[in-house]
Amino acid sequence: MKKVAVVGYAQHKILPNAGALNEVELIMPVVHKVFNDLGISQDDIGFTCSGSCDYLQGAAFAFVEGLSAIQTSPPIKESHVEMDAAWALYESMLKIKMGDADTALIYGFGKSSPGNLDSIISLQMDPYYISPLWPDRVSLAALQAQILLHQKIITHDEMMATVIEARNNAANNPNALLTDQVSEDLYQADSLISSPLRGFDCPPISDGASAMVIASEDKAFEFTDNPIWIEGIDHSIESSNLGSRDLTTSPTIQNAITNLNLKNINFDVAELHTQFSHEVPFLRKLLNLTNVPTNLSGGPLVGNVMMCAGLDAIGKTFQSLVSDQSDHGIAHASSGPCLQHNMVVHLERHK
Amino acid sequence: MNDSKINLLEAPFELSYKYKRSSGPVMSKFFEGLSQMKIFGTKSKAQKVFAPAAEYDPDTREALTEIVEVGPGGTIESWSWVNSPRSHHLLKTPFAFALIKLDGADTAMLHMVSDCNESDLSIGKKVLPVWTENPTEAITDINYFILES
Amino acid sequence: MSDDQAPKDYKESFIHLEYQYTAGSATTTFLNQVKEGRLVGQACPKCKAVYVPPRGSCPRCGIATSIEVPLTDKGCVESFTVVHIPIPGNPIVPPYVCAMIRLDEADISFLHLVQDNEIDQIRIGMRVQAAWKPKDEWTHSLENIKWFAPIDEPDVDVSTLRFKPS
Amino acid sequence: MIQAGVIGVGQTNYDSKRRDVSMAGLVREAIDKAMLAADIEWDAVDAVVLGKAPDMFEGVIMPELYLADAIGAVGKPVLRVHTAGSVGGSTAVIAASHVCSGQFKTVLTVTFEKQSESNATWALSPRYPYSPHINAGAGGYFAPFIREYIRRYEPPEHIGWKVAAKDRQNALKNPLAHLQIPGIDEKMVSETPMLWEPLRYLESCPSSDGACAMVITSEDRVGSRNVAWIRGMAVRSEGTLSAGRDEVNPQGGIDCAKDIYQQAGIQNPRTEIDCAEIYVPFSWYEPMWLENLGFCDLGEGWKLTDEGVTAMDGSLPVNMSGGVLSSNPIGASGMIRFGEAALQVMGLAEDHQVEDAKISMGHAYGGAAQFFAMWIVSSTKD
């Protein structure tokens, strides 16, 4: 199997309301940015894959509109996942490994501002038993937070520290949406949306887009002196029956730890697709990352572009390994209520 | 190009539709039960009871067909208090979403708990359903659960 | 009422979602002109293809269409169909003609209505011009054009319309 | 590249309303059949790939989350594909890519649509601000392309009727097909109401509930099983509103077909391919795609149809199962083409089996005739 490397990544500045920009106008700048950084064009791309969700904009076939941002003459090898673009990366990697392409462009985009994300995400749930009760995304996440606190797997203080740290880290991320510092007093004074989650524990409504280019081992060095290798990538899903899941742990994260043999790797940096504050200490403990700098970008708590934030975690990890000249990074992408579907990516810079 | 110069066109729109759900044999029994104030689960070969009646066992992947009655009381496994219900929530006064393990079941059901204060709630508390007066064979035939007095 | 009495073999589940639509800059610019009775396309700076209505990009080249190109409201029927069935949510009473209208100087067509006294006279290549609603009814919509109506000009050979990059 | 093959195809029966099952039950019905045909148990499944058309059809966002238990995906990787009408075909290609990459040995893939729980026309044409009331449904969108085809090559009007009758006659030999119209013939088609000129009622596809699943495995896991070897597979896309696009004969379709022929070593598809399942939702798309796929020269496709070449007893049978014109669970329609192509070379197509079929083609398209997915399957590995 061919090895695959991330060679480029670009992210649109995360906006609270990108009304001025339609899908095309959001996607095109990031695709051009990543192409320009690498000095390439669509002609150098063997496979293109995107991730998006129609319901965010309320229009079936949002991805078809988005494709107009891409050069498609001559026709391209292209596909789309109705998932976070991290899974578009996964599909693209398979295409390279099988030899169908040597390079791939991945992009994700999402505009949460046009609709009511809370009620939209209720439609992810079982349509017979659960979504008619309209549980919102915050309340669902809060159910897991409550159990984790009750079992003392995490603490309120850790949640607060996560929020404060995320805002601090955002100062170093020019694309972050929320950069205001949060003090302990300010945090404590914030009202509970769905207990135990306060407003600060939740991600902001965000609009944006990101693009990434990956390449096979044969091609990677043509594009960059600094390819970051996808040393391991693993994802799996948990039960759709929320009430049958053990929310105090994550079998899918455990799967990844085993399958990717992560136990003995000393990671230099981690970016987790943790949309709610309690998920950060929870996953750091599961992944043995308590001493690893995590979400130096601020993570989803300072900007959470739906369908893109998972790809962004991988992209931010890539950027850290390139800029810090460090060796091992771990990125995480997630989908579904209470971290139902998890992907873990081990990125490595070869000396 | 000239984003700042133009006043963007904006207008509201709605997606409203009445979906016609077919429940299949297992969920139909569950919904029929609700309309008669009974709660049914399904039992796997390994005697694990899923409530509400699940169609498939997530772990063994077997199709579940054996119906067993559970509840109607249950225990709170987790909860989240919504002090200010939002527009799409069914209850307009403060309530909790909760995972409720019905008596005799091995898995929890997502529903709501109301008629109480947040401070009354904790994991392990016993609850009872409050039934609607106009059942329609839907999950909302239980209005919500209340704390057992 | 009789429907309610029949046993239903399904359960209704009502989904209602509210959105705020924003048109994006290319569409807003176009519709602002439409409100004034003008059709303004956008051209690709690379291959020069003219798009109307513009979406802000040329999918041939994958770049933004930055050049504004005023167009006439005349064109031809690139192809069409006569719709005979009512479509949910569409108030137009059948039969009516739904046509791919290619404006002069434009390199893509868009769907609009064509109205003529004789539906069976409508043909591919026929020259048409926009029939605008009264000016005081103009809004930000291509519905300002009631339909396209035939004009007395020779038919166009549509096979010559295919865009060739310059 | 690692070689892969289809070892099991499972389909539900197709019907306008499968009220007897939930969405999960529908999908599982196809999966159970595919796994039984493949003679595998759940522990052999390494990953699951799910495809369907827009989430708005059933009002369930990212349905792999709700369906994880029913599709047996718990603890496994699952990918959800959505590429418009071509999705069933793209899903098969992506599932096979899971195997051909070497990352997985055996993959379960399933596609579905349960249109009875919703209304596709509604989901596709909500009233958006600033948009004129032009939408005339899918038929209204494709009919102008068909009219342009007719203008270019001047085929007689009965060609459309002939395709519609032929596919429904084939459906009578496929007990799973949705439309079963005894005595169907060209005359009956020609007497049905006009919907979107030149398309009449029976020249259009139905709206169906249904699911189609396949098990795809790598060469080293095939064992003694009956297998349809994947000899070539490809996808192509072009932008919707792209200047210079020929909607009647899209370049994406031409390129995609050339790609799979090259992979499969096919010089002359007309003689080397024994039968094909081609995505024909409206009758005239049979001749249009025959040309686009290189089975004949431009303008000659309708003649193949007219001469009976594409009939069950012709030299290039097309849509032996009855095709999209007989069963159309949108998200699954592409995979049904791919799965039926596999059944032909496995010799499992029962009453609609083409005698001695060794190489067959599966084809799907979607969007504004802009998304293409295709594969060639064969009874032999090379």
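To keep things simple, chains are lettered A, B, C and D as they appear, and every chain counts its residues starting from 1.
Operating definition for what follows: a residue touches a chain if its C-beta (ideal position, glycine included) is under 8 Å from a C-beta of that chain, and two chains touch if they have at least 3 such contacts.
Model, not experiment: these values are computed from the prediction.
Of all chains, the one whose CA centroid is most distant from that of chain C is B.
Between A-C and A-D, more C-beta contact pairs join the chains of A-D. In this assembly, the C-alpha centroid of chain A lies 38 Å from the C-alpha centroid of chain C. Once the centre of each chain is set as its mean CA position, chain A and chain D turn out to be 33 Å apart.
Chain D has its Cα centroid 30 Å from the Cα centroid of chain C.
Contacts with at least two other chains are made by residues 19-21, 55, 58, 65, 67-68, 70, 72-73, 116, 119-120, 123, 125, 127-128, 131-132, 238-241 of chain A. Taken residue by residue, chain C touches two or more other chains at 9-11, 13, 15, 17-25, 27, 31, 55, 59-60, 64, 140, whereas all remaining positions touch fewer.
In chain D, the residues that touch at least two other chains are 19, 22, 56, 58-59, 68-70, 74-75, 116-117, 119, 122-123, 126-130, 238-242, 244. Interface residues of chain C, counted against chain A in their complex, comprise 11, 13, 15, 17-27, 55-57, 59-64. The part of chain D that touches chain A in the complex is made up of residues 1-2, 22-23, 54-62, 64-70, 73-84, 90, 94, 97-98, 100-103, 123-124, 126, 128, 234-242, 244-245, 250-252, 255-256, 367, 370-372.
The touching residues of chain A, counted against chain C in their complex, run 17, 19-22, 24-25, 28, 31-32, 42, 55, 57-58, 65, 67-73, 113-116, 119-120, 123, 127-128, 131-132. For chain B in complex with chain D, the touching residues are 9, 11-13, 15, 17, 19-25, 27, 54-59, 61, 63.
Residue ranges on chain D touching chain B, taken from their complex, read 17-22, 24-25, 28, 42, 56, 58-59, 68-70, 72, 74-75, 114, 116-119, 122-123, 126-130.
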